[in-house]
Amino acid sequence: MPAKFETPREAVRRIRSGATVMVGGFGLSGVPVKLVDALLETPVGDLTVISNNIGTPGGGLGKWLRAGKIKKAIGSYFTTNPDVGRAYLEGKLEVQLMPQGTFCEAIRAGGSGIAAFYTPTAAGTDLAAGKEVREFDGKLYVLERALRADVALIKAYKADELGNLVYYKTARNFNPLMAMAADLTIAEVDEVVPAGALDPECIVTPHVFVDIVVTG
Amino acid sequence: MPAKFETPREAVRRIRSGATVMVGGFGLSGVPVKLVDALLETPVGDLTVISNNIGTPGGGLGKWLRAGKIKKAIGSYFTTNPDVGRAYLEGKLEVQLMPQGTFCEAIRAGGSGIAAFYTPTAAGTDLAAGKEVREFDGKLYVLERALRADVALIKAYKADELGNLVYYKTARNFNPLMAMAADLTIAEVDEVVPAGALDPECIVTPHVFVDIVVTG
Amino acid sequence: MPTEEQIRHIIARRAALELNDGDVVNLGIGIPSLVNNYVPPGVRIHLHSENGILEVGPSPSPEKADPNLINASRQPVTELPGTSYFDSGLSFAMMRGGHIDATVIGALQVSETGDIASWAVPGKTVLGVGGAMDLVVGAKRVIVAMQHTTKEGAPKLVPRCTLPLTAKGEADVVVTEHAVFRFRNGRLVLVEIGDHIDLDTLRRLTAANFEMEEPLRVVSRWEGDWK
Amino acid sequence: MPTEEQIRHIIARRAALELNDGDVVNLGIGIPSLVNNYVPPGVRIHLHSENGILEVGPSPSPEKADPNLINASRQPVTELPGTSYFDSGLSFAMMRGGHIDATVIGALQVSETGDIASWAVPGKTVLGVGGAMDLVVGAKRVIVAMQHTTKEGAPKLVPRCTLPLTAKGEADVVVTEHAVFRFRNGRLVLVEIGDHIDLDTLRRLTAANFEMEEPLRVVSRWEGDWK
């Protein structure tokens, strides 16, 4: 189904307390800031957030953390926001740390109907503790489950009228993967162009993955 | 390492008898025909071919089959070339049939360092016979191993001087996946352009996956 | 009595009514490939083809055909505004990952538990499966469009498939020239019957056990301007 | 005696000599991020950054910095002719799939069997691992560039890592301000020593057991115009 067009405020109304929400971005690049801010104005909380980082102190998803909206964070690098460590030590935040490549692959698997996969990453380390380890061709691999979310909030550069997306430089990062892996994908874009205005060879996220597009 | 530039004849010299060779293309679209023809002129044989189809009778990879170069074919749809069925029934050709999505995913896994994955496709069918089946969240999944090759022969539209590739319409198909999954990737292209002439946002196969580019 | 070819169109037209406006649809070969001709006014569907294209446009005139712009049946197609191209890996991720709203496929047999057999014929060496298994496992709705019986008159709706399976329990709707069945909570339910056939005859042509919707919809199917 | 900062550059300069012309390289944070300054003339390397860019160009002037064109250390970078962008999934496929020729990374400890500990400090809650584990598992050559001892003077080349591992048996080369070691058939071999240090002192600073290449290369390291 081609995407619907809504405002950030309308779009985030679809997120329920207790939901699992994927949020794109690497550091503060490629984070859908308007959607992040719009959710802040709702009473929604108790969220499980799947995002590589939890922003900075009071920046990006750091705002959700300070507002007490995050119950659990799943990602690879929370070190850039000291609030995360503090909340974790105070028992206010659950944290699930994953190697970044495993994090990517688990999201892609979730979007692709793959239930689980064997990766060599983290074999023999603390991050494989309690996980099934199996040998293939003499090398050890860790079984990792797919990740999915109720809602994905992603940031793209341009959408066409159907919801096809292109990205901007390194702001692409996790966004195309997360677009695939949620029951509802909401894409924040800088610009909407007519259908046919994006080069068919260059569309990164075909509209089949996008439910709602928001701009201003 | 950026790609080297060679003629088809030079490039295929690197293929040894008994090698496993991936060949791109869906039907006859996106098949690297110059490379296919160049190999035909070498004495190389006993090949395991990983390709969605084995061409048509005497067309595309059908030429290799008629020349007796193929020992085993791994793919999803050989029905369009009756020569395949005949060679199979005469015991001259081994055939490994896979669902097309599993075929894609196995190649992508091979190129991505993933040893194996669980897919729901083919669970409960003959194509899962003898394979490990496992339940995740109440649904059955089949364990499939990654596919890799010694050499991948792929077809792209344009390469830049570093070996970055773009494709043309539905001739893209399996080519970008196979480019990732071989020890040596040889790309046949229609045109070579200067570095910087391809839009960085639109490059489908970054040069890290491409060893050799051939044109004429 | 319609011809064999007309019957194929009759089935395709009824299958097209199963599609909703906005659906992203993958059409299989055979009868399903005719479905796009019968999508009702007001309904726009978006065609996906597993060789890596979304927003597949109609067939071009022969002189405009591009051998590198084809659908999964290897027929020349065209671009529409908003067409996108992608590799086969992403294409099957769309299918297996549940992103395709509906698929219309043919079948050799469908069982009363929704198993589908569509790729291999008994006693024949079949060396092609293609994307059928991924498609029926992944698509949100699987609409089987097939003739009610084989050429020899044997029922294709059966208690258990005797042919090699494409997938277990994945059929959602079965459309034939005589009737429409839906799977509801894993049970086969007759929901619509053509006015050219009586229920006893239908039962005789249907080996599968089925329940009946009350009231059963009776429709006229033989009418129309069939090619 | 060089300053601490000079020592970092000394290590980076020697690590740069491990890179070959044409290598696709991923540089970690810390000392490795200095390596690009010391690539010798005639050697061109191609920088990959795991946030989705190949052919990373040099840092821009501050007024040209684009917050959406950054490397994995979140520093502004630039494009070169032939730059490509891709999603994080493909970026880590490059790493894990063995497509990156070399990585230079820092470490807290390296064991005599090539185990690397680089992400977690004892007694501290560490909530970041990033891409380090994928990188060292996947890169064809893993070059560890680190100071020979901790700030407290404890050896970092150890028989067994006492800190949480990043990966087992993945180190190929270890470059410190005093020496260069290579792993050959799973054994740690000293191949080069600075002329500012004698072998006994090096042994005292190195808890790991190591073999010695004969003849051992002795080089002058303290020379140079260090920043």
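Just so it is clear, A, B, C and D label the chains in written order, and each chain counts residues from 1 on its own.
Note that a residue touches a chain if its C-beta (ideal position, glycine included) is under 8 Å from a C-beta of that chain, and two chains touch if they have at least 3 such contacts.
Keep in mind the model is a prediction, meaning the values are calculated, not measured.
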| item | value |
| --- | --- |
| Centroid-based (C-alpha) most distant chain relative to subunit B | D |
| Centre-of-Cα separation between subunit C and subunit B, whole angstrom | 30 |
| Chain centre separation in whole Å, for subunit D relative to subunit C (CA means) | 57 |
| Cα-centroid distance, subunit A relative to subunit B, in whole angstrom | 32 |
| For subunit A paired with subunit C, centre-to-centre distance based on mean C-alpha positions, whole Å | 35 |
| Shared-contact residues (touching 2 or more other chains) in subunit A | 105, 108, 112-114, 119-121, 167-169, 200-201, 204 |
| Set of subunit C residues in contact with two or more other chains | 85-86, 92, 95-96, 137-138 |
| Chain contact topology (line, ring, star, complete or other) | other |
| All pairs of touching chains, each written as two labels joined by a dash | A-B, A-C, A-D, B-C, B-D |
| Residue ranges of subunit C in contact with subunit A within the complex | 22-24, 46, 48, 54-55, 79-86, 90, 92-101, 137-138 |
| Residue numbers on subunit C that touch subunit B, as the complex places them | 49-53, 66-72, 74, 85-89, 91-92, 95-96, 120, 125-134, 137-138, 164-168 |
| Touching residues (chain side subunit A, partner subunit C) in the complex | 1-2, 108, 110-114, 160-162, 164, 180-181, 194-196, 198, 200-201, 203, 206-209 |
| Subunit C-facing residues of subunit B, complex | 26-30, 52, 76-80, 84-85, 88-89, 95, 97-102, 104-105, 107-108, 119-127, 167-177, 204 |
| Residues of subunit B defined as touching subunit A within the complex | 105, 109, 112-121, 134, 136-137, 139, 141, 145, 166-169, 199-202, 204 |
